[in-house]
Amino acid sequence: MTTRITRAALAARIASDIPEGAVVNLGIGAPTLVANFLPADLEIILHTENGLLGMGPAPEPDRIDPDLINAGKQPVTALPGAAYFHHADSFAMMRGGHLDVCVLGAFQVAQNGDLANWSTGAPGAIPAVGGAMDLAIGAKQVFVMTDLLAKDGSSKLVAECSYPLTGVGCVTRVYTDHAVFDVVDARFVVRQAFGDNTVETLRTLTGLELS
Amino acid sequence: MIDKTVPDAATAVAGIRDGATVMIGGFGRAGQPVELIDALIAQGAGDLTIVANNAGNGDTGLAALLAERRVRKIMCSFPRQHDSWVFDGLYRAGEIELEIVPQGNLAERIRAAGAGIGAFFSPTGVGTELAAGKEERTIDGRRYVLEYPIAADVALISARTADRWGNLVYRETARNFGPVMASAAATTIVQVDEIVPLGSIDPETVVTPGLFVDRVVAVGRRAWLDEDGFIGGVDIEGRPLDAVEEVAR
Amino acid sequence: MTTRITRAALAARIASDIPEGAVVNLGIGAPTLVANFLPADLEIILHTENGLLGMGPAPEPDRIDPDLINAGKQPVTALPGAAYFHHADSFAMMRGGHLDVCVLGAFQVAQNGDLANWSTGAPGAIPAVGGAMDLAIGAKQVFVMTDLLAKDGSSKLVAECSYPLTGVGCVTRVYTDHAVFDVVDARFVVRQAFGDNTVETLRTLTGLELS
Amino acid sequence: MIDKTVPDAATAVAGIRDGATVMIGGFGRAGQPVELIDALIAQGAGDLTIVANNAGNGDTGLAALLAERRVRKIMCSFPRQHDSWVFDGLYRAGEIELEIVPQGNLAERIRAAGAGIGAFFSPTGVGTELAAGKEERTIDGRRYVLEYPIAADVALISARTADRWGNLVYRETARNFGPVMASAAATTIVQVDEIVPLGSIDPETVVTPGLFVDRVVAVGRRAWLDEDGFIGGVDIEGRPLDAVEEVAR
């Protein structure tokens, strides 16, 4: 079995690619871990789409404030330099291309940059999209953070998404537990293979032509 | 004298009719106008179309309104949550209609209604099943889908402070949908922690100018807030921490 | 010659039709006079499109503040209960139909409610529209304040505007120095004739079928 | 550390290129970034397209930029004023291109550029010569005309106060076009009366969040302002009243 790095290591790897001054939206779930690895001495501004720029870490338990939450509805704090705004302004920031980076989870990413992360299309499932489609098209760089393989062993990097799309051609980079891939000219390019992974083993795991 | 204040939540929601489209502010619990929703439940209007971000949590607020079978349809971005069992049951039983709207389109469509925009080309949802059947256009090399305004008969929202002209300021991320919903409803009804004398709100800091507001009711300061800084000691739903410990025991 | 009331009397007449609680935009020029006749004991909220609701009267000369002006770029004040906002929000209020009344000047008003007040279309004239077209379509009631007759004696109330239009079918009522007219079903209806004016004399002056 | 402050206006406007589209804030004199315009004149870029509400007053600021023949085209709502002689002369001589945009369309088109909207159906201008040749559509019985976003390479705006992240608050009606222009330009350059330490601006009252701002320069507190209330004694252009008397004598 090839090397897989831990989710925490992957979060740290993503964090290392975010420069000082970047405005970043971390999606619900695993991407929120990235915040824990942003260097304390660098100013990186976190956006949460429910109306806050300059989001800080979780509060002490006795300082929980129900009016101050993130998109995952968890209690957060506001840093010096923060700003509050309403939902239309918040999504205008996103849709207008003012965020530098967003980090999202995925069910599937296609080699043309298509993203599927909001619905498995399973019959009877209740659909819920939230801000996923806005985030997918709304940052200068859209990073995906995901395991390379689904629980059934199938690759989440695919030739074409079979799940319902979140956004078309929107993903710029995919960070997986096996390797980091860029989307370049409708093809995945291996930027970094972790441990004993090679382009060849990754081709085998994904079934894709990689370069 | 202009005085938009009303004495209680029941008076605030008076006259909402069967079949009305009602916007309800809030993102999760933050900014949810719980007292107004409770008053709407007591008031009795049914066959409602609800426009909100979520479809109710637990058994209170919007979830309680749904449980009373008073809602025909809900337009929202994110109905499915760990505690949305009331909605989930109605939806699976085919007893409520659902229209999923991406959150940014929801906010912008509500703003468009308030701003007199007839329709707009949105970058969100292009090429997805939520844009199926919608008009698409490529502008300057980018694909967009045409989205129409969402207006309402009534908006129920929550703010921190109001004056008698209806000027509003909000608190932290509880601001969320309040300002755009206030602009998009024929009648905007607001619950606030407190009503202050006219002139007490700095005109530079008003978030929702009074012309968008029709009725304001003070529901009392939340015990866990303090003017001079947050005093804490509550869980995420605002329950005192010792009460939480009580429940946990 | 038939009776003509003064501009001040006309402003007072218009003011008497504005109920307490109304949100009102008074256009540049003669309409600003209306403010002088709004009863001091009634709360009427004035909007100026450059970003203020709750506009008050002109300041004392030694209290002029260059940051606080109206749409005519004259110094004004802000009343308790005022609010400042940016231009897109200000015009959203207007275009979204949130103003109760606006009062505008006119070159011509047609009997179908068309308004011409921004350009005479004269060759060589420099066009300038400002907020006129937004105001024309942006209030629940659009009042026009004007002399009935132009300087050359021609009627400003016309069958069809010959000057470039500001807005289509937008005027609800016209206050002139001779009479007050409502626009009803593409026709002017005389609501009040001042002094010795009659529907008959007004027909003669305007050349229009009036009722 | 993020620090968007720059030491002087010349540094603030460095790099503006010939042929650039430059938004300039202000409504008349209120909010006009006079020091930045002066720096742009000194900087030298030409063949500019200017987006502003007016086309310059007197012989200073935007009017001076026009007088230097540095502007190819201006998009504005209201060029003709009692003191717009510089623009008037250039226009009559055919030496400047003019695109008239109704003021509400101007503001909304600038907002659209900042908000990622591809185009929108506007109620303003329908049936007028300013809508000639534009796409029209009737929606829900009302006529609209399709308007496209206006973006810029650079925005020059004025605000009252900034911090080093570029968060801005404005003063009174000098706010006007600043917030929307800040959102619609690739590079937003702001002059302020003063720069305050990070954390000094209440996050509830920030009007332009820092992500829209690239460079901030403090041009000094205006002498006629006072924190504790306006002290007056100036004319509408901000000149001390005794200086006005001097001129009048």
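The letters A, B, C and D name the chains in turn, as written, and every chain counts its residues from 1.
By definition in this document, contacts are C-beta pairs under 8 Å (C-beta built on N, C-alpha and C of every residue); 3 or more make two chains touch, one makes a residue touch a chain.
This one's a predicted model, so the numbers in the text were calculated from it and none came from an experiment.
Q: Please state whether A-D or C-D has more C-beta contact pairs across its interface.
A: Per the contact counts, C-D leads.
Q: Approximately how many whole Å separate the CA-defined centres of chain A and chain D?
A: The separation of the two C-alpha centroids amounts to 36 Å.
Q: Using mean C-alpha positions as chain centres, tell me how far chain A is from chain C in Å, no decimals.
A: 54
Q: Measure off the straight-line distance from the CA centroid of chain C to the CA centroid of chain D, and report it in whole Å.
A: Centres of chain C and chain D (C-alpha means) sit 28 Å apart.
Q: Where does chain B touch two or more other chains at once, residue-wise?
A: Touching at least two other chains: 108, 111, 115-117, 122-123, 170-172, 204.
Q: What parts of chain A, by residue number, touch at least two of the other chains?
A: 52, 78, 84-85, 91-92, 94-95, 138
Q: Drawing the touching chains as a network, do you get a line, a ring, a star, a complete graph or other?
A: other
Q: Please list, in label order, each pair of chains that touches.
A: Listed in label order, the chain pairs in contact are A-B, A-D, B-C, B-D, C-D.
Q: Sort out for me which residues of chain D touch chain A in the complex.
A: Spelled out, the residues of chain D in touch with chain A are 1-2, 111, 113-117, 163, 165, 167, 183, 198-199, 203-204, 206, 209-212.
Q: Hey, which residues of chain B end up touching chain A in the complex?
A: Those in contact with chain A are residues 27-31, 53, 77-81, 87-88, 91-92, 98, 100-108, 110-111, 122-130, 143, 170-180, 207, 224, 230, 232-238, 241.
Q: Could you pull out which chain C residues touch chain B in their complex?
A: Per the stated touch rule, the residues are 20-21, 23, 43, 45, 47, 52-54, 78, 80-85, 92-99, 138.
Q: So in the complex, the part of chain D that touches chain B is made up of which residues?
A: Within the complex, chain D contacts chain B at residues 108, 112, 115-123, 137, 139-140, 142, 144, 148, 169-172, 202, 204-205.
Q: In the complex formed with chain D, which residues of chain C make contact?
A: Those in contact with chain D are residues 48-52, 59-70, 73-75, 78, 84-88, 90-92, 94-95, 114, 124, 126-134, 137-138, 164-168.
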